[in-house]
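Sharing a structure here in structure tokens format.
Chains here go by letter, A, B, C and D, matching the order in which they are written, and residues are numbered from 1 within each.
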Amino acid sequence: MEIFDRLESEVRSYCRSWPVVFNEARGSYIYDESGRPYLDFFAGAGSLNYGHNHPELKSKLIEYLMSDSIVHSLDAYSTAKRDFLQTFSETILEPRGLDYKVQFPGPAGNNAVEAALKLARKYTGRETIVSFTKGFHGMTLGALAVTGNSMKRGGAGVPLSHAATMPFDNYMDGQTPDFLWLRSLLEDSGSGLDRPAAVIVETVQGEGGINVASAEWLRGLAELCEEYELLLIVDDIQMGCGRTGPFFSFEEAGIKPDIVTLSKSISGYGNPMALTLFKRELDVWEPGEHNGTFRGPNPAFVTGTAALNTFWRDDELQKATVAKGELIEARLSAIAEEHADAGAQVRGRGMARGLAFEREDLANEVSREAFERGLLLETSGPEDEVVKLLPPLTATEQELEQGLDIIAEATRAAVKVAQPA
Amino acid sequence: MEIFDRLESEVRSYCRSWPVVFNEARGSYIYDESGRPYLDFFAGAGSLNYGHNHPELKSKLIEYLMSDSIVHSLDAYSTAKRDFLQTFSETILEPRGLDYKVQFPGPAGNNAVEAALKLARKYTGRETIVSFTKGFHGMTLGALAVTGNSMKRGGAGVPLSHAATMPFDNYMDGQTPDFLWLRSLLEDSGSGLDRPAAVIVETVQGEGGINVASAEWLRGLAELCEEYELLLIVDDIQMGCGRTGPFFSFEEAGIKPDIVTLSKSISGYGNPMALTLFKRELDVWEPGEHNGTFRGPNPAFVTGTAALNTFWRDDELQKATVAKGELIEARLSAIAEEHADAGAQVRGRGMARGLAFEREDLANEVSREAFERGLLLETSGPEDEVVKLLPPLTATEQELEQGLDIIAEATRAAVKVAQPA
Amino acid sequence: MEIFDRLESEVRSYCRSWPVVFNEARGSYIYDESGRPYLDFFAGAGSLNYGHNHPELKSKLIEYLMSDSIVHSLDAYSTAKRDFLQTFSETILEPRGLDYKVQFPGPAGNNAVEAALKLARKYTGRETIVSFTKGFHGMTLGALAVTGNSMKRGGAGVPLSHAATMPFDNYMDGQTPDFLWLRSLLEDSGSGLDRPAAVIVETVQGEGGINVASAEWLRGLAELCEEYELLLIVDDIQMGCGRTGPFFSFEEAGIKPDIVTLSKSISGYGNPMALTLFKRELDVWEPGEHNGTFRGPNPAFVTGTAALNTFWRDDELQKATVAKGELIEARLSAIAEEHADAGAQVRGRGMARGLAFEREDLANEVSREAFERGLLLETSGPEDEVVKLLPPLTATEQELEQGLDIIAEATRAAVKVAQPA
Amino acid sequence: MEIFDRLESEVRSYCRSWPVVFNEARGSYIYDESGRPYLDFFAGAGSLNYGHNHPELKSKLIEYLMSDSIVHSLDAYSTAKRDFLQTFSETILEPRGLDYKVQFPGPAGNNAVEAALKLARKYTGRETIVSFTKGFHGMTLGALAVTGNSMKRGGAGVPLSHAATMPFDNYMDGQTPDFLWLRSLLEDSGSGLDRPAAVIVETVQGEGGINVASAEWLRGLAELCEEYELLLIVDDIQMGCGRTGPFFSFEEAGIKPDIVTLSKSISGYGNPMALTLFKRELDVWEPGEHNGTFRGPNPAFVTGTAALNTFWRDDELQKATVAKGELIEARLSAIAEEHADAGAQVRGRGMARGLAFEREDLANEVSREAFERGLLLETSGPEDEVVKLLPPLTATEQELEQGLDIIAEATRAAVKVAQPA
């Protein structure tokens, strides 16, 4: 491992929690180079909703590569892109009545967010973007300005501007009516908030600590946006592609955002790919006004198409996700009850779940103990106070139970370690 | 092609020049779905220096995927990443005496640039970045602020700040000594230029019109940076990986930048990957201070490693590139001479070459005529005034001659079309 | 009046409400050139707390000018400046136990605010300033960024940044606990609010609509600032110099701001002058780091000194102001009661009082009717929804009663005019 | 003097060069409290072009104050304002064929600059302002962004943006053609300079070191602005009101700026007052969109009117200023010749003159020696490398000779002190 220490920047992070070298992966399992298996409840931070190296996708990908089909074609037309668009339209947009245009903004989620913010500003002629406490949207300068985490913001090295932070759902524990503050600012011409171009929101904040916005709150937000002619951007990079059950995480709330960002699991196989979707009338881009080298990652289109065909032609996955989510919740609730004195609390929706602790550092300790027992788990929240569960949607009930058993054990062990003498 | 029109955003651009659907690709050729071959002198805007689907790289990639090796591992340690780091160190860094740390900043070139700018600002505690006329560094907000193109800047929707533009080499046709302006600003405490954190420069501006910085100018810039303690960032995304001959485009000048960005051809196979390299002492990142989902694209590491092993263990490719570059230059010079009355002019270094025209729209017309004759060519420069040649470094002399024959014909045809009656 | 129409910019405003040419002024009265008197309940927007051309101040000023004492001396030492400093220290700072340094930041209130913001940022090394809804701090770019009014903000022509707006006391009608939002943002490292340098607040918002911060709220704010090490700036430009009773408007709350701005009535005679006061340890300015031509307006020092000697060597003025304030409140309350159906409401503290109306445009109509009856009144609030009373502190009870009689009549007349048929 | 040390902020500066307390002033002389006279070659940094306490102005001012004419009237109409506008139109605008609207932007020069920048941005809908190396426009955030001095810029505490610095006339010693750089940036759509709203320039940079723009350069700048539809703002705060001979310093060049700022000597008596003038068609302000408390300083209008009547009804002052300027130049040239080895050099136009030294700290030493000999002189330039002469325009030849004798002596003494042993 000396080569990593010597050559790789100090910025590296996940490797610090999991000091092994990974080698293989299949379904819900990763293997280190000694062959030890790890049950993966992190799933590439939501990039592997269909598990590692799903055989259906894998065969399509290998077939594609074997036949010397085109890999890199910038934003030229390719058969792989056509297939993807066709399939995405048929399986996702049309059934949901979403008349969206599709932009390929670059390979990373932050590219999708940057394109969304640029388009919202260009379309409205306004600058300010409303974002929410604990929101996370990426590390490039535009995306970082709407991200809450102070450590990451500090990395910018310049003041971040043109954004205004507002309370996410239940941020102040019900001590104030929803949107009272934002609505007051919008309707008062003396409030000091310049009329925003758009609002950017996650329906469940993954990095922020698995904070769930209720359907009611989301509907309230959508109505507020409509009333004040603000564009509503849902950043569905982590919660989209079925993580909470339906393909888009906002479907439950019955809202139709003006702009949607997707990435992570959209390629289905862990390869870089991102989309920015927006209502037809917002498509005011000039040709080439936003560009980039990796806007047409054909192998990612191929696995993305295969994933849509495999999982989104019916509602089986969606139903299973909801059911498995309930299973996880039930098990976590039992664990939380057991550790009520550590301020344990369950959060989440679908298969994005969190176990939050009031006692400092406990979540990190749980994660460490779980790793020792062969389970990969990450923490989230600004103080790493939440154990975050993002298992593959394809994980079996048995795998989920196995992982939850480990979490139960790991929590008991962690609580003991953290105990004052 | 109806699906593209209906679903894909108006922002799409290359497809407008090449209204066919591509399907396969091998070496220097792309094929559309009717099977028509196109000689590719664009090579993914420099992302395919080793041609399409290089067999050596392909077999390593397929082998990797077949064996269920891990695809997505965020920034955890993987064997693929270790192999890449090891090989990059052995073939690139060590032989050149470059003691760089390696950051995996995300999959896109703009991620590499954003990380470079953030690090430069964090390290120095200053905000301003000096950039150069006609420079191009990406579409995310930080990278866009140091990019020259006004149409692309306008897409930001907010004023771009913390940057100062300076004349690139020979920008004012020798009417002023090199660095007179920048040096004056730096040494005058009343100049209005806040002391910059860094300078970001391309040694050959690809998007800007194949403008070449001389070795002398680059050395002058490096000296100026040292004198005033500014960090020197070379954005080698398009010109690195051998495009101008040596692996890094700055090697000829004998300089050692503080920070280097790489992307495009670093994965060797057209898959998204990027690197930010910097001197060891600059590695002041906190763990996770810059992050992102696709920082560990293992299949790209695999092909990247294979490319390094195949092409950079000796100096054959470098020598061949220089020789082929001379061939291209000679042929282009003849064409330019033939069209001196259209203000034709040859530019470039190694296998990054340009044929610039004074007569408006001629370059676009040449590109159109070439496409009809089965050659893919793009234009660059703020007014699309330059025909840009970026053939694969692996193109044979015969392929090069064939392409240049087409360019000669296409230019004649274009000049005729553009001719006033 | 043709010359004004022809030559003066359309930006002029007060003259539009009062289309006469003023000529003389004495005490609480202004006279137009036809000799018609107007009772002045505007008092230079709080610049004439001691009335127009107070005889004591006038004689000192004329004496000073007659003797060819120095008028303009930049920031050199002058006897007039020494007298002012001495007197200010004796009558204001020492009795209140305020160990402040005094900066002469330029002649205008906005200069005092700009100096305060610059110093707060320099001292803390942070950028963000917390300001409050409906706050008003001036028209220069730094001051405008912390001002709420959208029309005035729009005049900037550039996005205003490095500021965050927070709810002023009772902004949301008691539907949320004080400081819940600001405190949540400060203690949450994921909130998206970068740690602020300072908070800037008015104890009573004059331009914003005579909104009063309670003593309790101000103490809460001061405590919050202390807890999070933010500097507390009280902008006392309009409410200082005795407007609410005590010399500083924050005295009632028992707080000691880190920085205080004064202007308007500090010269006592309507001549431009401003002060920035700050705790001794904050005095980190370099010599000349903030400068300006009119930092040493000696005639203003002379009348300023005379005003301090005349009014602030005992507590008579303070007591009288409180008593007169109660008189005004009582009379306004009766008027408000009479017009409860127009949503009339009384606001204010000391001799800064407002009569707010829910019914649109009524306040402007009251002001118009009052002008016709010989009373100068202005409106405030972002929609001009409040009739604002700032009579000279030296106005007699009889003058106050006379003015309030006119307001009662004017309101009745205005309500009739505004009545739907 | 203890009170200054104890109470006044460390930001104070001129008083550090002249550690006495001034008391009286008449014409070209200031007196300290011991009665010692000082010949004043600083004249309030150009605020006292007509000397101290000019008897004509003084009698008008005292008469005005004695009669209880109105002192403070915000931006209401007053007879004093009408007289000023009438007289300014008759004596200044009409004879010069300038169809300007007049804005009273507040009492300080920076208010005039901030209003100019805001208006230029509002009118054009663009953000960037082009400023020049070593320019000085004020300490408020908007004005500071177009000011060159790095120490003063650093005082902002936030990055200064929306401005681009360009070389002032002869900045690079004739090594590059005028406007080559700026013109290149404007005509190149890939230059990285966003299309500017306006250019702000001083015809002679006072604070920047008495750097003179030639008439030819100013005409070139005006033509460039016209060609690219940029507004031309001449900041004539220090050089206007006759300092270089004609009332406006740009008259010699025969240009008509779009916007002009005036302050300093416009009131004629050292009282705060400022004007922003602009072409009629630029008057797009909304009523009250820029406001402020001290926009109607009537006593300053009175002395301003008297100054215009006394000095600008004929061309006597203008001619005398030019003649005296030549006298000064001749004497300074002799001094410079005597000290050629210290790199002495004469600069300036009219009665704004500078004696620049290459040898460090010499200018400050000259100023110190002059003070000891009873002459007030300041230095300017970013390194205080220039002795600056701004004597009252009304100084007699004898006074000028006397002052220049002192400068000759002081320079000799300073050179001796600075001499290495």
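Simple rule for what comes next: a residue touches a chain if its C-beta (ideal position, glycine included) is under 8 Å from a C-beta of that chain, and two chains touch if they have at least 3 such contacts.
Protein names from UniProt, one per chain: A, B, C, D = Diaminobutyrate--2-oxoglutarate transaminase.
Everything numeric in this text was worked out from a predicted model, so none of it was measured.
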Pair with more cross-chain C-beta pairs in contact, given A-D and A-C:
A-C
In terms of CA centroids, furthest away from chain D sits chain A
Length of the line joining the C-alpha centres of chain A and chain D, rounded to whole Å
58
Measuring centre to centre with CA averages, how many angstrom lie between chain A and chain C?
49
Send over the residues of chain A in touch with two or more other chains.
127, 151, 158-159, 161-162
Give the list of chain D residues in touch with chain A in this complex.
158-159
Interface with chain A, chain B side, in the complex: residues 1, 3-4, 7-16, 18-26, 30, 33, 42, 44-48, 52-53, 58, 61-62, 65-79, 81-82, 85-86, 88-89, 101-104, 106-111, 114-115, 117-118, 120-122, 125, 127, 138-143, 145, 151-152, 154-158, 161-162, 197, 237, 263-264, 269-272, 276, 278, 283-294, 297, 299
Sort out for me which residues of chain A touch chain C in the complex.
127-128, 131-135, 146-151, 153, 159-165, 167, 171-172, 175-177, 180-181, 184-185, 188-195, 208-209, 381-383
